[in-house]
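The letters A, B, C, D, E and F name the chains in turn, as written, and every chain counts its residues from 1.
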Amino acid sequence: MFHHSSKLQYQVRVDKPDPVFAKYLQQAIGGIEGEIRVAMQYFFQAMGARGDAKYRDMLMMTATEELSHIEFLGHAVALNLEGAPVSAQEEAAKDPIVHAIMGGANPRHILSSGLSAMPVNANGVPFDMSHVYATGNLAADMMANATAESGGRVLASRLYNMTDDAGMKDMLSFLIARDTMHQQQWLAVIEELGGWEKQLPIPNSTPEDHEATEHSYYFLNTSLDEPTPEGRWTSGPSLDGKAEFTIKKQPEPQGQKPDLGKAKPGSGAQTEQV
Amino acid sequence: MFHHSSKLQYQVRVDKPDPVFAKYLQQAIGGIEGEIRVAMQYFFQAMGARGDAKYRDMLMMTATEELSHIEFLGHAVALNLEGAPVSAQEEAAKDPIVHAIMGGANPRHILSSGLSAMPVNANGVPFDMSHVYATGNLAADMMANATAESGGRVLASRLYNMTDDAGMKDMLSFLIARDTMHQQQWLAVIEELGGWEKQLPIPNSTPEDHEATEHSYYFLNTSLDEPTPEGRWTSGPSLDGKAEFTIKKQPEPQGQKPDLGKAKPGSGAQTEQV
Amino acid sequence: MFHHSSKLQYQVRVDKPDPVFAKYLQQAIGGIEGEIRVAMQYFFQAMGARGDAKYRDMLMMTATEELSHIEFLGHAVALNLEGAPVSAQEEAAKDPIVHAIMGGANPRHILSSGLSAMPVNANGVPFDMSHVYATGNLAADMMANATAESGGRVLASRLYNMTDDAGMKDMLSFLIARDTMHQQQWLAVIEELGGWEKQLPIPNSTPEDHEATEHSYYFLNTSLDEPTPEGRWTSGPSLDGKAEFTIKKQPEPQGQKPDLGKAKPGSGAQTEQV
Amino acid sequence: MFHHSSKLQYQVRVDKPDPVFAKYLQQAIGGIEGEIRVAMQYFFQAMGARGDAKYRDMLMMTATEELSHIEFLGHAVALNLEGAPVSAQEEAAKDPIVHAIMGGANPRHILSSGLSAMPVNANGVPFDMSHVYATGNLAADMMANATAESGGRVLASRLYNMTDDAGMKDMLSFLIARDTMHQQQWLAVIEELGGWEKQLPIPNSTPEDHEATEHSYYFLNTSLDEPTPEGRWTSGPSLDGKAEFTIKKQPEPQGQKPDLGKAKPGSGAQTEQV
Amino acid sequence: MFHHSSKLQYQVRVDKPDPVFAKYLQQAIGGIEGEIRVAMQYFFQAMGARGDAKYRDMLMMTATEELSHIEFLGHAVALNLEGAPVSAQEEAAKDPIVHAIMGGANPRHILSSGLSAMPVNANGVPFDMSHVYATGNLAADMMANATAESGGRVLASRLYNMTDDAGMKDMLSFLIARDTMHQQQWLAVIEELGGWEKQLPIPNSTPEDHEATEHSYYFLNTSLDEPTPEGRWTSGPSLDGKAEFTIKKQPEPQGQKPDLGKAKPGSGAQTEQV
Amino acid sequence: MFHHSSKLQYQVRVDKPDPVFAKYLQQAIGGIEGEIRVAMQYFFQAMGARGDAKYRDMLMMTATEELSHIEFLGHAVALNLEGAPVSAQEEAAKDPIVHAIMGGANPRHILSSGLSAMPVNANGVPFDMSHVYATGNLAADMMANATAESGGRVLASRLYNMTDDAGMKDMLSFLIARDTMHQQQWLAVIEELGGWEKQLPIPNSTPEDHEATEHSYYFLNTSLDEPTPEGRWTSGPSLDGKAEFTIKKQPEPQGQKPDLGKAKPGSGAQTEQV
């Protein structure tokens, strides 16, 4: 069960409101790299967690933290929209510079939300929940989470660079820090469970006879003219310790030429196909 | 530039066509765990790759391989739909068992595609390209790719379990194998670049003074009643080797109670808010 | 800031797991009538609330409650999926009755989530955040919320009817009750602010000279052959007390026949249009 | 059956074409507050209307009116796009002011539609029909309709403020007026049927023993630190006249701590979860 | 301006209600081959039509007809849902055959719409307006319309085959007929304007020096192993009469190997990329 | 099976990077008129092709070519983003002109992709695969393909007009040329199969007694006040040579007034409807 306290997890201060930066900040709320995504992803993973209960608890606790991140980011968006002109008659709107700046703002911040945050990204595209990755496989979920936090910290770093506002930089430095921790905490689960050697391949519960293992450890070079890019993945032991990596260069196709024959009568095809 | 040869990368055989399994297989084509996603994700990452060119090459080669996976899976869907009734007058359609089975099939396999594969998932929801994760950050992209392949191999393993068809099991065992390799090849890039210690936090290029590092290494317990789930993430050195993990339990909020004051006249609020 | 406690807001019991009912329950999580929607709608309205702070508090408190509803519904879905076959080799899967039942289940409950809840509706379509209605206008938001709770209680009542499981009926009777309260609490705000007479038309802050009031109080009968359906809306005082309702039957168009003339050279039209 | 006459329902005049305002106007066509939405919502509600036929007629008549609103708004968008530069060689495009203005326009008005209206919102996001709320419950539908018209009138009022064009202001004053009527006509149905006392809770046909009525009339304060915001919803008779409102402050969870146990073998989980 | 008359354009009769066929029929309402799409496509094309006004009129008249098609199809869906069980207690729901049949129905027909039509396809996916193709180019629009009607008539033919209900067959035979006409009327515009020879390539207004005409008339064989499939497109005069078709087999790439160099400092890349 | 060679199909040169044109170019990658769409459409049509195998080959070869188009367009986007400011501290970002220009750019080119192409359109809306039209009917598919190429060439022509960059004009002149060929090659299939006379109506395999042919050849004038727009479609032989076109002006509805009667008890309606 969830509870709320009335103060924000972190102080939000906007020294100089900027409706264009409000639009940019939306990416951190409703973008695929944003906080709605991680809050919901961890929440659904927690609800589906099976096995050692501590991972469920861990997921739910961080899901709860991410809800608080949405909250202070939402406040930051609203503060950046303070003072944005809502009428063509306002002095500000008549100033060509403000007018040009507003051209780069999200019109729905004025038309739809009345100067407050929306669950959309920086292009105004609403977040959709297909981005909640929750597989029921602990290792796959941990990977998905570390990925989400990587995208999140890349985004927060870019936002930090794109503003001159000291209050916003302060808030973003907090977000960058928490993303640092979150990246590591999910990867630490993998490490605690024995690292790649034990956790790969994911799922590690697939019986070996379900796998055509002769195809499991070669890098396939599908280029007609490019040498194989060599590295850790083309020789040496595989990360799961079960085999050696090799290279397979531009092999002959192993399958047939597909042929579906004629169309079935009554299937809606042209007569010429039947 | 792309080229094509007329045979499939891998042999596809369906011993006993099954329109319900055709619906299931769609998840491997147009699901978020499917082949369109990885093909397009690696393709777009390759197009945006900066730095050592070998990663671009590697991404493009595997993107190309994934296109070939779409192709043989698409053929498998069509073969599973062979013989599905397209008319209420067919004998098969009158058989109550076939009728019941068809209730579980995707109606658009009959109504829209004429018994062939579609770029949709097992619920018939079309794939959308927002799932192409490509950040311009090499490590974040590698994580996203290993995640996609984890979801992919979980899915292929589940599909393997859900069929009795020997041909389908053979094809899926090939997919499982290639997903094994792909998981590892992307993680091998991380390892080659120095592993987590050098690559974390992602992006590792964020200047340290952009980060409120006092918040970077504690696990936040947001629960009112649950003890902190302890593990690799609550004590010991952080994965980037820069600090020690600690615990912060249910802290006081650090921010203000948000207050946006009155609504701006002319902003479309009710009079009572202004 | 959000917090969590480890127990569910309400007890969840499933006497006889039913994967088809799990699919149905998804509508209450990820449908437009579901709990993600109201949780996020109240949350975003709260973040954008201007004017008397008590409405912000009220919205945030109920948003928090709705998050707890997602949580127990998610658990109910997982419990309904317990025992669903994950392999064609299981005895259950070979039973034609179970097989037929599974045809009506959501395949992604097996293929994608590993027998747990997803943020999708009963058709497997992911929830998208465009359904978070938050206008910055208090009365419009209250109406949107009462509407959402009406749809929610209609849905919960239908789900109640569609199950025979005593545990599920108990849980749904709690949801029905809370939806009763939530419908009323949002409408009570309208009443507290003076009812329709003072709150209509929404927004009540639009200056009267922005409105062509000669068109504000007639019901327009656009039918060629049907008499005007008469009622409270065709005569008597308007709900805002400002005028009398009247009827306008199938009026002449007031505007011009539209004519855009020729296409602009260089605009990509056919030569014949230019 | 529908018919058409060649003139617009209302005169459209644009004194000074403005491609940025064309983008803004799109919200009134393809936004969730727009005319496609209400036209289709009333149309689908009419098609599903059961009970007294006059509500079906009323819905269909107003659906028809809303189709006419799409039509004149679409013309307004095209007129605002007249003269927008379609080539980098045009004088206008070389004027830095026009160039800056075009930066704020919708590029697809030039690239995709050839200077005419599209069924998208002000961010260029296409309208999707999930926003057609039609429940088969008359009261829920009336609420949804009054909500849609509230959002619509808020939007029209904001658009009115954002333009200086006398023609556009005239057209918008007509829209504002019709939204006034439409808000009231749907609420008048509720009033005619006995008002909240008889119509609440929606659906009013749910048998009382399907509801845990001990949970039906308290406002739940889920905050850890905030007093209950008191008002019409915390004391006094409920709007349906069946009970008194009360307050429940931060109750203990009533449910269990969820525990899904181990993952099922063969379900695609990691070995450590099984 | 639109008008309505109370009767349906065509008689709808359902002899034996079938909730599964109701689901199938949804494809003809809210599918990409369905009536909402063509109604809206012709409507938006009409609103943007420039050049000879008769095409605008033609488009608007047929748009209006398609609205009437939505209406009778919506009625057909509702009639097919008559008698579907809405409670687990109904006798019908207890009949295993009915139960199995309902497994193949759309659950939202019961849960969300109360036994009536929805603006969704046969998978329950809502129609989205991105499928309204309207380019401002008359020939491109005519092609898009003939395409839509082709998909529509394929669908109607398949639906005809999938039902045994005489009433439904009658209604579908009307739809098939109207789609026949609509296919031809759009193509007749092309013919009236001089046929392919004058209308191709679309747009025919593109100045010839904007085109690298040396690449305009060869079929490119990109296969490594397959001979060129020869036909009307590999030799003989082009359809626009301007050149002869030829074949280009598997050419060398004409472009460079792409190289984006190093990542920009501060762009959020890994240090190793900069 | 697919293969790749390292060079681009066509040379890409950007003389003066322009982030706003990068945004525009996205329409040619991820728009409905773009290259992802045609690549995937031809690919899925090929996989489902039944009948003469040469059409499958033709489709697959052009699908492969379109993948190469995505690749060089993606490179063009990245080159146009070279030099775009990624920090508010850069000199460029402080230049008001650059600042204003960036207001018109896609913020996600900086925030999400790190200065490279994305699978989105010019509004930043991700491509979704519902636009892959593949019906299993050869003629319908050919029409869909010619339509897609018409939209594509209209778009490329508009993009050509909107840039002053010689490199971009060169690349677009190649795209315009290939779209010329592709339009014609799909229409040539129709011609080879006997032209409209033999291919219409689509599907030409629908038995004549499935069609109410008395409704197949009249143009329906649904206008109350407009004369019928006459042309090739109102008189003379139909394009399939089977009948003469005629006109039907504003006919009486042929169907009943719909009436669904009362709502079913337990269906979630209001009591007043039951």
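Quick note on the criterion: a residue touches a chain if its C-beta (ideal position, glycine included) is under 8 Å from a C-beta of that chain, and two chains touch if they have at least 3 such contacts.
Note that the structure is predicted; figures quoted are calculated from it, not measured.
Enquirer: What's the overlap between the neighbours of subunit D and those of subunit E?
Expert: Neighbours common to subunit D and subunit E are A, B, C, F.
Enquirer: Between subunit B and subunit C, what's the gap in Å when you average each chain's C-alpha atoms?
Expert: 29
Enquirer: Could you put a whole-Å number on the gap between the CA centroids of subunit A and subunit E?
Expert: 32
Enquirer: Which residues belonging to subunit D are in contact with no fewer than two other chains?
Expert: Within subunit D, residues 1-9, 32-33, 47-48, 50, 57, 60-61, 64-65, 68, 71, 75, 78, 86-87, 100, 103-104, 112, 114-116, 120, 123-126, 128, 130, 135-137, 139, 154-155, 157-158, 161, 202-203, 205-206, 222-224, 226, 253, 255, 258, 260, 263, 266-269 contact more than one other chain.
Enquirer: Can the chain contact pattern be summarised as a line, a ring, a star, a complete graph, or none of these (other)?
Expert: complete
Enquirer: Given the complex with subunit E, which residues does subunit C contribute to the contact?
Expert: Contact set of subunit C toward subunit E: 20, 23-24, 27, 31-33, 97, 100-101, 103-104, 121-125, 154-155, 158-159, 161-164, 222-226, 250, 253, 255, 258-263, 265, 267-274.
Enquirer: With touch defined as at the start, can you tell me which subunit E residues reach subunit A in the complex?
Expert: On the subunit E side, the touching residues are 154-155, 157-158, 161, 266-268.
Enquirer: What residues on subunit A touch subunit B, complex-wise?
Expert: 3, 5-12, 32-33, 54-55, 57-58, 60-62, 64-65, 68, 71-72, 75, 78, 82, 86-87, 114-116, 125, 128, 130-131, 133, 135-137, 139-140, 143-144, 146-147, 150-151, 153-154, 157, 160, 169-170, 172-174, 176-181, 183-185, 187-189, 191-192, 196, 200-203, 205-206, 210-224, 226, 229-233, 238-240, 245, 253-258, 260, 263-264, 266-269
Enquirer: Using the touch definition up top, name the residues of subunit C that touch subunit B in the complex.
Expert: Result: residues 1-7, 47-53, 56, 86-89, 96, 100, 102-104, 106-108, 110-112, 114, 120, 123-126, 135-139, 193, 199, 202-206 of subunit C touch subunit B.
Enquirer: Where on subunit A is subunit C touching in the complex?
Expert: Answer in residue numbers: 1-9, 30, 36, 40, 43-44, 47-48, 50, 57, 60-61, 63-65, 67-68, 70-71, 74-75, 78, 112-120, 126-130, 132, 134-137.
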